[in-house]
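The following pair of complexes shares a single chain, chain A, combined with chain B in the former and chain C in the latter.
After this line comes the complex of A and B, so read on.
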């Protein structure tokens, strides 16, 4: 990409990202659900199910709070992207995106801008969730590098989430796309070993979780917290692959939105 | 109560049911989402049955009570949103010009909610039985379960009506919905209270009335006839309905003021 084109992309991305961030942080009804939803799940899972740590074969030294924290962090990351996708749908319904498509000198910057907005939004949520987790006594076995790996993995999940939802919204251009965006994400997250390690799952859920790519992200995240970066290479390859695949999905969606006028 | 009153109730109940049926978004999510979560939890939390003292060896049977409450929460939101829309569109103001009694408005709306609640409960029970959960209390227990579901739907529906009448805004009702879900999450929905390890969570679950609604339904599924659990569930359901209906009546008086 030439310097001029790159500048145009970054200029558009900066404007869209700023608008997204401004809208979210000045509208409590947009900001709060994204923060409260993971905190509510964290309370219910880490608080209500901690006894599962006593199950035979459940071996996770940092404890059940840390075990659930990793799932909640990944969930908040993906849903941070999904919730931002709802904002894109709203922009289509109000006609803002149509004007944006007309005005932007390089339209790929629109997708990049929404992705940056989603990342900033999630970083705020991640900060709150992490602060609450440490406040309730979460123990971490990993060092700073391990934790950086955990947050990097979650950030990639956030990027995959926003690009997935962007691709859907660019094709459907309505708020009614909500269930189509959320349902596969919800299923992918909960068909992973959410409550207990993979080895303790039985029956059909074990089969599904074994082939679910989210399982690798989750287990590697938990390894980071335990201070053992087992499977990090595969997990990052999966996360980067998901983000790259959904980037293509989002950009092709953008072309369809352009064609629709 | 005159025949006219009941005719008004019947008309508004019919409107409430027809309006719900005509909105797929009000019919399918309350059926599919709780059943989806049941499937996920029944699979993912099955190892919890190995905890010493867990009351059954089937987590599906243990968790089957949750969709009944979750479905009722959806009914709360739907009832509240519909009533708020009536306020926002001016339908309630037009009704205020007629001889309609305020009580008939709420009773009609809630009759529709209760009918939908019982239909949902029938679906949850059927799916649970087909999936192999069993019903320890037998056929009689199924009838009691439907009765308790109707009471829960009435109680939560009245909460939805109260929220709508107080706020007059569908968006506000929907915004309060996640707060209602806190009551479900901080309850004995996933583990019996005596197996909850964290003290503050066990205390919150014990103080949470939703725990007793879940445990009443659960007792019919996994225990059989547990008089204490059923008395607590029916007592909590009746109290919830009474308080919410009283609040709705006060709020309705302000909304239906003839000027």
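After this line comes the complex of A and C, so read on.
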């Protein structure tokens, strides 16, 4: 891409991202659900199910709070992307997307802008969830590098989430796309070892979880918290692959939206 | 007009929707630089679909068009950089202020930070929204939203401006202000304006040339005065004060032209000469002592042009169901 075209893409992305961030941080009804939803889950899972840590074979030294924190962090990342998809659907319904498509010389910047906006929104959520986790006594075995790896992995999951939902919304261009966006995400997240390690799952759920790519992200995230970066390469490869695949999905969706007018 | 000239050239432009519905059915257009072109037609005639194709929002099913010298299919980014557009629904974000909208629009067009600020302030002042600039758009009236929409379309100083039914729903004062601004843009800044409307008066007042579209096809094109002259001469209608004198009135009026369709109680003739015959008619009525309760000169309007070309009145056609599919 030529420098001028790249500059135009970045300018469009900057404008779209600014709007997302501005609206989220000036409108409590947009900001709070994205923060309260993971906190509620964290309270329910880490608090209500903490005795699961006593199960025979449950070996996670940092404790059950840290075990659940990783899931909540990833869940908030993916759903942060999904919520942004709902915003894009609303833009289609109100006609605002048409304004963006009309004004943006290079339209791929629109997708990039939505992704940047979603990432900034999630970073705020991640900060709050992390602060609350430490406040309630979460222990971490890993060092700063391990934690950086955890947040980088979650950020990639966030990007994958927003690109997945963007691709769906660009094709359907309605709020009614909500169930189609959410259902696969719910299935992928909850067919992973959410409450206990993979080794303690049995039967069909163990089989499904073993091939679920989210399992690798979750297990690696927990390894980072425990101070053991085992499987990091595979997990990052999966996360980057998902983000890249969904980037293509989103851009092809953009082309379909352009063709539909 | 050569391909690289700055106006609009469309050839055999078609947009077909699913089910074979042709919203636009092979239109040819040539709009010169600095011209105000009025695109007139009833709801569902294909006006908005044409605008969507020319502004790169919708690819044509077939045909070609160049806007500002750029091909709408192959050079979309360059077309978008050259044009400004205010579409039928002023799609604004209710959570942003007027000033924030301008800032966003300027960013989308890649203006520098300094230009964003200065251009934004100038446009707010021009459209009379300086005092409301920091209010959320959800508090704006319909007229204010339209004015902001026009400012947004102008933020990058485009050479071409597309206005899709810009005054629909506006009060007369706001409509007049918008007309003034559009006229000024074309005359003082040389902006080419492509204006769709279903208001005859709007096309008559603003447009240098008018294209009339019906069922996806251009049925007439020319200057408003030329089109009106093309379909006929003015007519005059009189209603006798005494119904028994209807025959005498008919004989008198037929000295000035051939009979025409009038109201049930009236007598109408299409004048052989121009509107100057009206004075002669009044003198003749006075000389023969014929009293009339109603005397009206009817100059041909664009609605008459539409009626002559399609067999229907534009006002009536506007009530027909749209041929274009419903759009989100």
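Rule of thumb we're sticking to: the second predicted complex is superposed on the first by the 261 of 261 C-alpha atoms of A that agree within 3 Å, B and C clash if a C-alpha of one lies under 4 Å from a C-alpha of the other, contacts with A are read in each partner's own complex, and residues count from 1 in each chain.
To be clear about the criterion, contacts are C-beta pairs under 8 Å (C-beta built on N, C-alpha and C of every residue); 3 or more make two chains touch, one makes a residue touch a chain.
Every value quoted in this text rests on a predicted model; they were computed, and no experiment measured them.
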Consider chain A as the common anchor and indicate whether chain B and chain C clash or fit when overlaid.
fit
Going by the contact rule set out at the top, does A:196 touch chain B (first), chain C (second), both, or neither?
first
Touching partner for A:55 - first (chain B), second (chain C), both, neither:
first
Output check: A:184 vs chain B and chain C. Expected answer is one of first, second, both, neither. What do you get?
neither
For A:33, decide between first (touching chain B), second (touching chain C), both and neither.
first
May I ask you to decide whether A:233 touches chain B, chain C, both, or neither, giving the answer as first, second, both or neither?
neither
Quick one: the Cα-centre angle at chain A between chain B and chain C, nearest 10 degrees, please.
90
Answer with first, second, both or neither: which of chain B and chain C does A:104 touch in the superposed model?
second
Report the closest approach of chain B and chain C over their C-alpha atoms in the superposed model, as a whole number of Å.
17
Chain A contact footprint on chain B (complex, rising order):
29, 36, 40, 43-48, 50-51, 171, 175, 178, 181-182, 185-186, 189-191, 195-198, 200-201, 205
Give every residue of chain A touching chain B within the complex, in rising order.
29, 33, 36-37, 40-41, 43-44, 47-52, 54-56, 179, 186-187, 190-191, 193-196, 200-205
Residue set of chain A touching chain C in the complex reads 5, 7-8, 11-12, 14-16, 18-19, 22-23, 26-27, 92-96, 98-106, 173-174, 258-261
Which part of chain C faces chain A closely enough to touch in the complex?
52, 55-59, 77-78, 80-81, 85, 87, 89, 91-93, 95-96, 100, 104-105, 107-110, 152, 327-328
